[in-house]
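One chain, chain A, links the two complexes that follow: it is found with chain B in the first and with chain C in the second.
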Partner chain A sequence: MIGQLTLLERRLAIAITVLVAMVGAFFALVGRDDLIAIHGWVILMFASLIAFLLCRAIRLPIPPEARLREYYDDPTKAGIVLSLFWGVVGMSVGDWIAWMMAYPDFTFDAAWASYGRLRPVHTSGVIFGFGGNALIATSFHVMQRTCRARLPDQLSPWFVLIGFNLFCVLAASGYLIGITQSKEYAEPEWYADIWLVIVWATYLVLYLRTLARRREPHIYVANWYYLAFILVVAVLHIVNNLAVPVSFSSAKSYSLFSGVQDAMTQWWYGHNAVAFFLTAGFLGMMYYFLPKRAERPIFSYRMSIISFWGITFIYMWAGPHHLHYTALPQWVQTLGVTFSIMLIVPSWGSAGNALLTLNGAWHKVRDDATLRFMMVAAVFYGLSTFEGSFMAIRPVNSLSHYTDWTIGHVHSGALGWVAFITFGTFYCLVPWLWKRSQMYSKFLVELHFWFALTGIIIYLVSLWNAGIVQGLMWRTYTEDGLLAYSFQDSVEAMHPYYFARGIGGLMYVFGILIAVYNVYMTIRFGTKESDIEFKSPDEGVVASKLETSTGATQ
Partner chain B sequence: MSVEERDRYTGHMTTGHSWNGITELNSRVPRLWYICFAIAFLFSVAYWVLMPAWPGMESHTQGLLGFDQKKVVKQQRIEAEQNTAMWRDQITNTSLSELADNAEVMTLVRRAGPALFEDNCAGCHGDLGQGATNYPSLNDDAWLWGNEPESIYKTLQHGINSGHSQARIAQMPAFGNSGLLDSESIHDVALYVQSLSNPLIGNGSNVSELLQVNNGKSVYQAQCVACHGSNGQGNPLFGAPNLTDTHWIYGYPLKTLIETIVAGRAGQMPYWEDRLDDNLLKILSLYVPTLSEDAEIHHSDDRTKTDNS
Partner chain C sequence: MIFGLHSKVEKNSIALVLAIVLVSGVGGIIEIAPLFTIDNTVETAPDMRVYTPLELAGRHIYMREGCYACHSQMIRTLRDEVDRYGPFSLAVESKYDHPMLWGSKRTGPDLARVGNKYSDQWQTQHLTNPREVVKSSIMPAYPWLNTNELDTGDLSGHLRANASVGVPYSQEMIANASNDALAQASPDSLDTAALLERYGKATTVRVFDTNPDKVTEMDALVAYLQILGRLTDAANSDDSNVEGGS
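Take a look at the complex of A and B:
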């Protein structure tokens, strides 16, 4: 893969890794009395390893000019592998802590294995590690095809991908050793946050540069969604993480916000992370891979556009519904409720647009588990956006808030929508990128589909029950006007539901393990015949005016 | 290159654009979309008119309903008090000893007690009051400050070593760390304390042990009697535990006893008068003694296990 880089790109890459390694060494040295030193070492070793690989390959022959007439897919391939790796880690840890809920002694008395440290490893692992890598990888693929333009250079996609994974490593390892700023889904501390800003800005510039080089007159809707994802996540990340570090030798920082302002900023971030990371980005994925796989035109161009603007505008206001019945002023809660209600319509517009696109291809949905993954994803997208808006209504929220219903809702979106569209996409992409006519085993794709779907249903049904039972137990009074159940009673009542949830999660983890095996076998072996049968899904030629890129000048 | 085509399946025209083979139909947005959005928007407008909604420079729109969640909470609290009115006055105005004799009140106590106890006390004392290492059991017959509802009420109100100005104070001095006793005396007195509840220790069959126990006894008489009494029976006035029974808070092994004597003990119980309504404290004071009654009936097996620890 390094052989594809030009000589200049290789030198620049070495310079960057050396610079990053020096920053790591700085933290390891000045922060030696603090936890940050451990992260200094992590950064130093991470960068040194890459620098070593680069140096070893520096004398490889210069890549031929012919490569510029093909799309640049190496970072996408690496992104898919990394995404699956983080998926296995994040989902396994998730199921571990699910069992911990049923059997609290499952922590082995070790600090790193306590629930509070493992939970963010699970959430960051699946959202950023699995989801983020999938988004980065597929966005590189989609923007090149829909712009009919090669990536403007070969270094920045690698910087984005590897830099993002360094952020993920810092996040996950930090939680285990006790580094957190205690903001949900924004736990990493200031130095990791600053690093992500650098990576993300590069990502945005890369995307815009590719769009600027496009040879299609119009920008396809998938790119609108990907761009909204990149742009808004940058804004959210920067604002919510505004903080003052104690010193350059300390991992600890203090948020710029406090009290209810802090809570509102956090949930403006938290909800829009759902909106722009887990929704907009994956809608971009869906708008490319679903019609591509179904070989059907998008049902309605106009509905794509109206739903896009509906989602991006309305989502921004919905955050306060995470803070109903709190110190947050009621007028803010009102806006949160009403915008959440209005949000159903553009959300269902997108889900409907996806499902109606399948008109004329339903026989393919029946026969092709890959397309069925995407179809079910659209259904779960519709269901969980409806459920979310429903739970945002104050009286409903007074029952559901703080219960496991919320956890169930999140997983209906995460497992049913985000992960299903990703699996469907990967099952399309892996044969395309590695030039196979199909996946190694269609049966294993089917098996994965049914394992995952059964797992989700067990998971959701058990947590709906758990949440409603909890909510009712907490508000039941005796004839004397006193609480009928202690909190502990409600915890004990959860055991069977938590047990069932653990089973559902286990089935889901088993599903992704099947996927990993199937992807590995496709990449490694494929079949000789299938290689001959391979038909490229790409049409037309890549833009030829590439000569301005860094690579071409070499 | 923009060529519109008719889609054979739906009959709609495409927009004429193609992105790597993906096309889009130029079909209308279904009317249902607009209807649903109109309904959602009108619902929102109505909500904004009725409820506090949009911010202005000085304040925010108050809404026609005059709804205010602070008022709602106040109202709900009043209702909650009304729901407890039927027994509240009786409990407020009656002494604990009288309440304990009232069968109707005790029925209420047994109904309300478990949830109250589990929410507030079980974290340390266990859901059945069985205690744990370092946390006294409440379902046996060993009591540091007595098991009359009045004593329990006082403990709940002010706590033990809690920092409250009227807290019960109970501190076992650190005889070892303060240099009051040398390690040999500490060992011997610990052995003597063990012998108080275990007739097998210092019974004469082992001469050196007998000598140590005797030495321990004289140390005990000099240092420990003031609180634990001449026979080790304890004293509820100081919260000094009885040393002759088989109930141990910190543990019975010699090593633990030596730790206790070397470093002292000052167990803490928080005070509850700021956190729980006085009536609820009374209910809990009446409920706690029933734990040992229930334990006699249901949990005699568990108890023997805890006692031997």
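Take a look at the complex of A and C:
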């Protein structure tokens, strides 16, 4: 892969890794009395390893000019592998801690293995490791195809991908040794946050540079979503992570905001991490790969426009529904509910658009598990967004908030929507990129699908029950006007549900392990394109059909 | 109209970027910015005190161990919550919390007013092995807190960082942070008088972890848990309405 870099790019890459290694050495040295030193060493070793690989390859022959006539897919391939790696890590840890809730001693007698430290490894591992790598990888693929332009250079996509994974490593390892800001889904500390800003800025510039080189006058729908994902996540990340570090030799920082302002900022971030990381980005994925796989044009271009601007505008208001009946002023809570309910319109617009796109291709959904993954993803997207709006209504929220219903809701989105669209996409992309006629085993794709779907259903049903039972037990009064149940009564009532959830999660983990095996076998032993007639994915079905269906002209 | 406008934006990446930033920016600005300027967003509580260095260190341990993932610190304005946990939480009570720890999940009970509800001994035993105290508890055990000596070396830096984001720590408090932390968990210490002078007579000075030989992370965490809900008395004097939740 390094052989594809030009000589200048190789030198620049070495310079960057050396610079990063020096920053690591700095933290290792000045922070030697603090946990930050461990991260200093992590950075130093991470950067040195890459520098070593680069130096070893610096004398490889210069890549031929001919490469510039093809899309640059190496970073996408690496991103898919990394995404699956983090998916296995994040989901396994998730199921492990799920079992801890049923059997609290199901762990090692060590600080790093306690629930509170592992939980962010699960959330960050899945959201950033699995989801983030999938988004970065697919965005590189989609932007090149829909712009009909090769990435402007070969270094920045690698910088974005590897830099992002350094962030993920710092995040996950930090939680285990006790480094956290405690802000949910924004736990990494100040230095990791600053690093992510640098990576993200490069990502944005790379995206814009590719768009600038496009040979299509129109920017395709998928790119609007990817762009919104990159831009808004940058804004959210920067504002929510504003903090004052104790010193350059300390991992710890104190958030700029406190109390109610911090709560509002945190959930403005938290809710829109869902909106722009877990929704917009994956909608970008869906808008490209679903029509491509179904070989149908997007049902309605106008619906895409309305949904896109609706999501971009309305989502940002919905954060306060995480703070109903709290010390957050009532007027903000009211705004939060109002916009949360309005959100159904653009959300169902997107979900409906996806499902209607399948009209005329339903027989493929029946026969092709890959397309079925995407179809079910769209259904779960519709269901989760409906449920989300429902749970944002104040009286419903008074019951559901703080309970496992919320956890169930999150997982209906994460497992059913985010991961399903990703699996569907990967099953398309792996054969395309590695030039295989198809996945190694269609049966294993089918098996993965049913394992995952059954797992989700068990998971959701058990946590809905858990949440509603919990919520009702907390608010039940006896005839004498006393609370009927102690808190511990509600904890004991959860055991069967937590057990069932552990089973559901385990099935889902099995599913991704099957996927990993299937992807590995496809790459390693799959039938080469040359052996069979290979349908090139680069004949733009999507773009051309889109134009004929909407009357847009070049 | 929107489609016409969109077809222009769709052909110009910079216009698209600006439009996304503009359209997405509105909600956050309207909901967040006024919280800093509207005076009655946070009640005034003249008796509100800051965390002592020991409590602040304990708060850090609470965050480090991820306690916030299972325990909220926000009692909602619902009848059953007030009956179960005490007066509903006021904004002012987390005024010095950088960041806030309101939480989002109650795998365990709310802790906003857990201070002084249980004895130090109960808290220590419960943290060391929860199932020894509550048979069916599913909380993790934290035995290492008893053996880890509390690192007070950079507490001055922590107070200074807090001061720079608006917590009213005086220069004196910052300078003596480390001694004050040790003094609060060592009743016989000579520094106790100075600690009480700086943080007020009501400051609890005692051995929190039942082990007088050294100041451990358990001391700090228990000291923090015991102050929860007791930084100000404002919630008890407030007579706002509670909404019926059931």
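Criterion: the second predicted complex is superposed on the first by the 534 of 554 C-alpha atoms of A that agree within 3 Å, B and C clash if a C-alpha of one lies under 4 Å from a C-alpha of the other, contacts with A are read in each partner's own complex, and residues count from 1 in each chain.
FYI, a residue touches a chain if its C-beta (ideal position, glycine included) is under 8 Å from a C-beta of that chain, and two chains touch if they have at least 3 such contacts.
What you are looking at is a predicted structure, and each value in this text was computed from that prediction instead of being measured.
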{"item": "Partner chain(s) touched by A:Tyr477 [first = chain B, second = chain C, both, neither]", "value": "both"}
{"item": "Which of chain B and chain C A:Val516 touches, first, second, both or neither", "value": "neither"}
{"item": "Touching partner for A:Leu231 - first (chain B), second (chain C), both, neither", "value": "second"}
{"item": "In the superposition, chain B vs chain C on chain A residues touched", "value": "C"}
{"item": "Partner chain in contact with A:Gln488 - chain B first, chain C second, else both or neither", "value": "both"}
{"item": "Touching partner for A:Gly360 - first (chain B), second (chain C), both, neither", "value": "first"}
{"item": "Contacts of A:Pro329 with chain B and chain C, given as first, second, both or neither", "value": "both"}
{"item": "Which superposed partner A:Val23 touches (first chain B, second chain C, both, neither)", "value": "neither"}
{"item": "First (chain B), second (chain C), both or neither touched by A:His218", "value": "both"}
{"item": "Which superposed partner A:Arg302 touches (first chain B, second chain C, both, neither)", "value": "both"}
{"item": "Chain B and chain C footprints on chain A, overlapping residues", "value": "217-218, 302, 306, 325, 329, 335, 339, 477, 483, 487-488"}
{"item": "In the complex with chain C, residue positions of chain A that touch it", "value": "33-34, 100-102, 104-105, 107, 109, 111, 114-117, 119-120, 175, 178-184, 208, 211-212, 217-219, 224, 227-228, 231-232, 235, 239, 243-247, 250, 252-266, 268, 276, 302, 305-306, 309, 312-320, 322-329, 332, 335-336, 339, 398, 401-404, 406-407, 470, 474-477, 483, 487-488, 491-492, 494, 552"}
{"item": "Of chain A, residues touching chain B in the complex", "value": "145-146, 148, 216-218, 220-221, 288, 291-292, 295-304, 306, 310, 325, 329-331, 334-335, 337-339, 341-342, 344-346, 348-349, 352, 359-360, 477-478, 480-489, 537-540"}
{"item": "Of all residues in chain C, those that touch chain A in their complex", "value": "2-3, 6-7, 10-11, 13-14, 16-17, 20-21, 23-28, 30-32, 35-36, 38, 40-42, 60, 63-70, 72, 74, 76-78, 80-81, 83-84, 88-110, 130-131, 134, 136-144, 153-154, 157-158, 160-162, 164-167, 243, 245-246"}
{"item": "Interface residues, chain B side, partner chain A - complex", "value": "1-2, 7, 9-10, 14-15, 17-30, 33, 36-37, 40-41, 43-44, 47-48, 51-55, 60-61, 63, 67-69, 80, 82-87, 108, 111-112, 114-119, 122, 127"}
